[in-house]
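Beneath this line is the structure, given in structure tokens, with notes to follow.
Chain naming follows the written order as A, B, C and D, and within any one chain the residues start at number 1.
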Amino acid sequence: MNAEAARGPLLPDMNVSRLIATTLHDEMTADESLLVLGEDVAHGGGTFGATRNLLRTFGEQRVRDTPISEMSFVGMGVGLAMSGYRPVVEVMFADFLGVCLEQIVNAAAKNRYMSGGSVNVPMTIRTAAGSIGVAAQHSQTLWGMLAHFPGLHVVAPSNPYDYRGLLSAAMQSDDPVVVFEHKSVYLRKLSSFRVGAEVPAERYTVPIGSAEIVRTGGDLTIATLSTMVEATLDAADTLSANGIEAEVVDLRSVVPLDADTVAESVGRTRRLLVVDEDYRSFGLSGELMSRMLEAVGPRGLDAVGRLAVPDVPIPAALDLERVVIPQVEAIVAESTRLVEK
Amino acid sequence: MNAEAARGPLLPDMNVSRLIATTLHDEMTADESLLVLGEDVAHGGGTFGATRNLLRTFGEQRVRDTPISEMSFVGMGVGLAMSGYRPVVEVMFADFLGVCLEQIVNAAAKNRYMSGGSVNVPMTIRTAAGSIGVAAQHSQTLWGMLAHFPGLHVVAPSNPYDYRGLLSAAMQSDDPVVVFEHKSVYLRKLSSFRVGAEVPAERYTVPIGSAEIVRTGGDLTIATLSTMVEATLDAADTLSANGIEAEVVDLRSVVPLDADTVAESVGRTRRLLVVDEDYRSFGLSGELMSRMLEAVGPRGLDAVGRLAVPDVPIPAALDLERVVIPQVEAIVAESTRLVEK
Amino acid sequence: MTDDVRLYERMCLMRSFEEACASGVRDGLLRGELHLAIGHEGVGVALEESLRPADYVVATHRSHLAAIAAGVPLRPMLAEIYERATGLSSGKGGHLHLFDPERRFSSTGIVGSTLPVALGHAAAIRLAGEDAIAVGITGDGGTNSGQFAETLNMATLWKLPLLVIVEDNGWGISVAASASIAPPGIAARARAYGLAAFETDATDPLRAVADAAEAFAHVRSGAGPALLVATCHRFSGHYEGDPDLYRTTAEKTRMRELGDPIANLRAGLIDGGADPADLDERAARIAAEIEQLRREVLADSAPPAADAFTDVVASITPGGNR
Amino acid sequence: MTDDVRLYERMCLMRSFEEACASGVRDGLLRGELHLAIGHEGVGVALEESLRPADYVVATHRSHLAAIAAGVPLRPMLAEIYERATGLSSGKGGHLHLFDPERRFSSTGIVGSTLPVALGHAAAIRLAGEDAIAVGITGDGGTNSGQFAETLNMATLWKLPLLVIVEDNGWGISVAASASIAPPGIAARARAYGLAAFETDATDPLRAVADAAEAFAHVRSGAGPALLVATCHRFSGHYEGDPDLYRTTAEKTRMRELGDPIANLRAGLIDGGADPADLDERAARIAAEIEQLRREVLADSAPPAADAFTDVVASITPGGNR
């Protein structure tokens, strides 16, 4: 945590969507080059309420409702960013990355490299990820997919303190940063969070690319992110009651992936469980397991496992959704299995 | 190899683009529901010549030049597939997956699941991947990106026998299959390949989801695919001269990933190197290393490594391209390092 | 029963069906964003009157009326919306993803993505030499998606039997069409891509039925693709639970007073001599039937957990499917 | 020197530049698909005459003439095309990706993707209150991309200072525009999205210069976005090395005979009393200068291997950038 900011006054209790709106507001006040654009961000205040009142404060030129033309308004963001502005573009659901991937990965992500460093693309993409009962086309996280492309930073906060700090960091970054917000948090009160519920009123940043150990423990390391951090902390309580102490690492960033922090922990516990709400294969969980293999070597590991969406689309029915999204009980069971190995 | 077909007459020597055209032709002759559509596939015979003469043989209704509207002609393929046809859609370069991802991952890949199995999407997507000096927006492989999405099969052949066999399998599959062809092979003669240069004239299939051991050796397992198989075989020769015997596994399919074959090999060699022409992070190499961790456990491994594009866009200059695309010398060096570990 | 009374009944059924869905949200039985087409019934019957069994329909996130129009049986449809094992997709698709291959009906939750799929159906019809057309539906907001333009172009190029229906309720969530669609507008776009453009006011269902029939006839005749813009109102929020603060109360009152296709037809029927009590009784009977259906569906069980893992792919591969 | 002779010289320079690139392919020094705009010089000068330093330009895969028109210095541009350390991007971008932020010039190899980026520049101009416009270029084939339609719509909605220039050479690789663009065509599309549409024949460079000036003036006046369709011919194959079998020899001969903007202007100048020998001498001098430039560039070194790893992101993060 940023000790400086943490000493100052705190924000009153509010829900996370308002926290995001507040953060957007504060950064936009501090830097006139910041803009917000996307579907329903202006007059509607955001589908999830995360851009409420920005239009009133900053006007149409800086807070812009767009047509349903994701590819082109993301590309417009690229043009704005290359002209000295700092657009914050909202792609309503992460599942819609498929309609705008080109401008993200071939323009935003590569223009700096292709220009030999002469062009920056300081652009934030906010998108809502995760399951809240909206089935296969509106429940994906997909951070593992975007993380595959060099040139992007990818973050997925888990708690209020990080939502504010990482969003501010993204908006101040000179690089394209994709911020994955989890749909389940928008209507939650800050005070309902186990970790990071106290949020400084002053602006601060959480460094992109740094994980945080949110619970210490010597028996195994559980690395996770976004909403799964709370599920994991709940699981850790149960494990603790069973005599197993889990160290829980909140990755916070997918790219850069703070493998050092995880490796340091795994170096001590020799056991790693990755808990991810993205598809299991070809994503974050495999990457992190491999990074650990590379960092501590096979001899540094006693047991490794992962829990993630088991490579099926997200089903609609609640009973099925619960089978494919990692749950507290599964985290407990898998952790126990790894420790007993 | 399919012993049956292998006993019959062989195709004359030709280049791989003609081999692909021949395969398309033979399957289209056998099954009238097969169609080809994409940019330049009809009158131009394919940018890389891989659809030459199909228009003449099958006519406009079955071989269709499309406007530069990838998203919608891929979506059109989905509609055709849902109506009982078997479209083979060409997306000219894998780099253009960003302009049509939505229809691939939210429709083609998920319609079966979302319909409770009542709808199939038997569709083949052919796309050209890999580096031949065309820089950041025309050199990517991206199989690791697509592999992340459940519901798709993903293959990337390395040799003529598999180009024909896997393409036929894709065209006969009831699922969407993405076939990654490597740009460097189109103009190569069948006879120039180290492996699989003999191609049966009769139709046959190579099973999707099965890897092949193309060289046996006891000191380490190198798993790779596409054009990197030949580079790896070349490296294996050098290694052998140095007293190191590499077992080389041609993965052939990315999804389903034939982890069993690799695990069986690694179970013997205890050492794994993954060589991949895709970006290193969040892709195939990490996934395969993790699968091996899961299959044989950390105690089953002595050393693990990977060579892939080091998470930078592909640079234009040849000298730089050679730095980021795995080369024979690097494979030799990394293999040696792993064996000495 | 006159034909117009039949239309009235069909619209009542459509509305009752949507209300049966809405109550699932109120009762906490349905999660996610449920999009209802209450107010769109004029488009629903216009579609239903002109559709034939061999036609394909690809519908949007607001798909229920189109599904009814296409002949999708109500029970498995409602069961799918309620995510039951007895649903069209055994509860795996949910309300955003209705599929009924037998009725050549499908839908998608992604705006704009309906049209290319419908184009593919139109191409299939041509290839198979069938006497049918493909109908691709979009909202007004969806006409700003690149897929709209791309699809229209190809439909004209290849003169495919595609009818694009734009359910123009004037809003894409909170953004008014006037703020998202540059003039001269949707019909002009269709013409610029070479389609025949038809327009109708679907708050007047009889007019909508007639105008749609013309558009269908154009496409069936082989004259090439067409587009029909059908204006209507969305009475509910964008989804059930949407506070809908972007529209003024006055506006919402006005649209209900003037723009209700069912009330409008009812008034016309009464002007023509129909007995109001009879009409209301018909509506009540239909509502009761749908309520009965809903009860049945609620008694159906959820899909078994193991179902989560099936139907991902059709092929069986030796080592599993990943 | 009259103004028209100056235009003639500029076109000669553009062509010589492209030939200097072509020779790199012939000599095996350039890999990949090099797209040249030989035959497009009428568009090149039309752009050059109207562009001002504060204007933004986003160009396509066939970008060299646009870059020259935007004032990008030739030496680093040619060096980039030859992938040298002295290039605009130190050899990392290559011929498909020319960037010169000082001249507000960029390009992309992805068809259609130029236009949204140009739209963003236009929005930036508005925000900054600059006296400038943004120019987004596409080929005729690119007008079938969804991004074309999406961008045009937003440009009109927000009345942004965007000029879309369509270099209409009648082909997208092997597909004729007539087989990919449904009638009524590109200008009609622009109008349907509310843009002012201009058309010109860029095989007649004087006419193209004048027509482009009008289109630029429209946008500069604040009257809203516009689109200019400039017809021309692509003399080379789609890329250097393209066998170009989809066009008949007769067709290719005819276009060279009638549709060469340089030859056409030369003929006009001679008609107006210019000395052919003088004109040829000017062309030869320019060709020699460009050849000299090429020699210099060839002497430049390739970028050092370590460069492959730099410039991926701007931020420095504690544990590296992945």
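Rule of thumb we're sticking to: contacts are C-beta pairs under 8 Å (C-beta built on N, C-alpha and C of every residue); 3 or more make two chains touch, one makes a residue touch a chain.
All of these numbers come straight from a predicted model, not from anything done at the bench.
*Asks:* In contact with chain B and with chain C at once: which chains are those? Just list them.
*Replies:* A, D
*Asks:* If every chain is reduced to the average of its C-alpha atoms, which one ends up farthest from chain A?
*Replies:* D
*Asks:* Using mean C-alpha positions as chain centres, tell me how far chain A is from chain C in Å, no decimals.
*Replies:* 35
*Asks:* Could you tell me the distance, in whole angstrom, between the mean C-alpha positions of chain A and chain B?
*Replies:* Once rounded, the distance between the two centres reads 32 Å.
*Asks:* Would you mind pulling out the distance in Å between where the CA atoms of chain C average out and where those of chain D do?
*Replies:* About 45 Å separates the centre of chain C from that of chain D.
*Asks:* Can you pull out the residues of chain D that are in contact with at least two other chains?
*Replies:* 89, 91-93, 97, 108, 110, 144-147, 150, 153-154, 157, 179-181, 312, 321-322 - these are the residues of chain D that touch more than one other chain.
*Asks:* Which chain B residues touch at least two other chains?
*Replies:* In chain B, residues 66-67, 69, 71-72, 95-96, 98-99, 102-103, 106, 113-114, 135-137, 150-151, 255, 257, 281, 311-313, 315 touch at least two other chains, as defined above.
*Asks:* Quick check of your reading of the touch definition: is the inter-chain graph here a line, ring, star, complete or other?
*Replies:* Graph shape here is complete: every pair of chains touches.
*Asks:* Sort out for me which residues of chain C touch chain A in the complex.
*Replies:* Result: residues 31-33, 83-84, 89, 91-97, 108-112, 141-142, 144-146, 172-175, 179-181, 245-246, 302-305, 307-309, 312, 321-322 of chain C touch chain A.
*Asks:* Within the complex, which stretch of chain A touches chain C?
*Replies:* 39-40, 43-45, 47, 65-69, 71-72, 95-96, 98-99, 132-138, 280-281, 310-313, 315-320, 323-324
*Asks:* Could you list, by residue number, the parts of chain A that touch chain B in their complex?
*Replies:* 71, 95-99, 101-106, 109-110, 113-114, 135-137, 142, 144-145, 147-151, 254-255, 257, 278-279, 281-287, 289-291, 293-294, 297-306, 311-313, 315
*Asks:* Which stretch or stretches of chain D touch chain C in the complex?
*Replies:* Touch list, chain D to chain C: 144-150, 152-154, 156-157, 179-184, 188-189, 191-194.
*Asks:* Would you mind writing out the residues of chain D in touch with chain A in their complex?
*Replies:* For this pair, the touching residues of chain D are 56, 58, 87-93, 97, 99-101, 106, 108, 110, 113, 115-128, 134, 146-147, 150-151, 153-154, 157-158, 310-315, 317-322.
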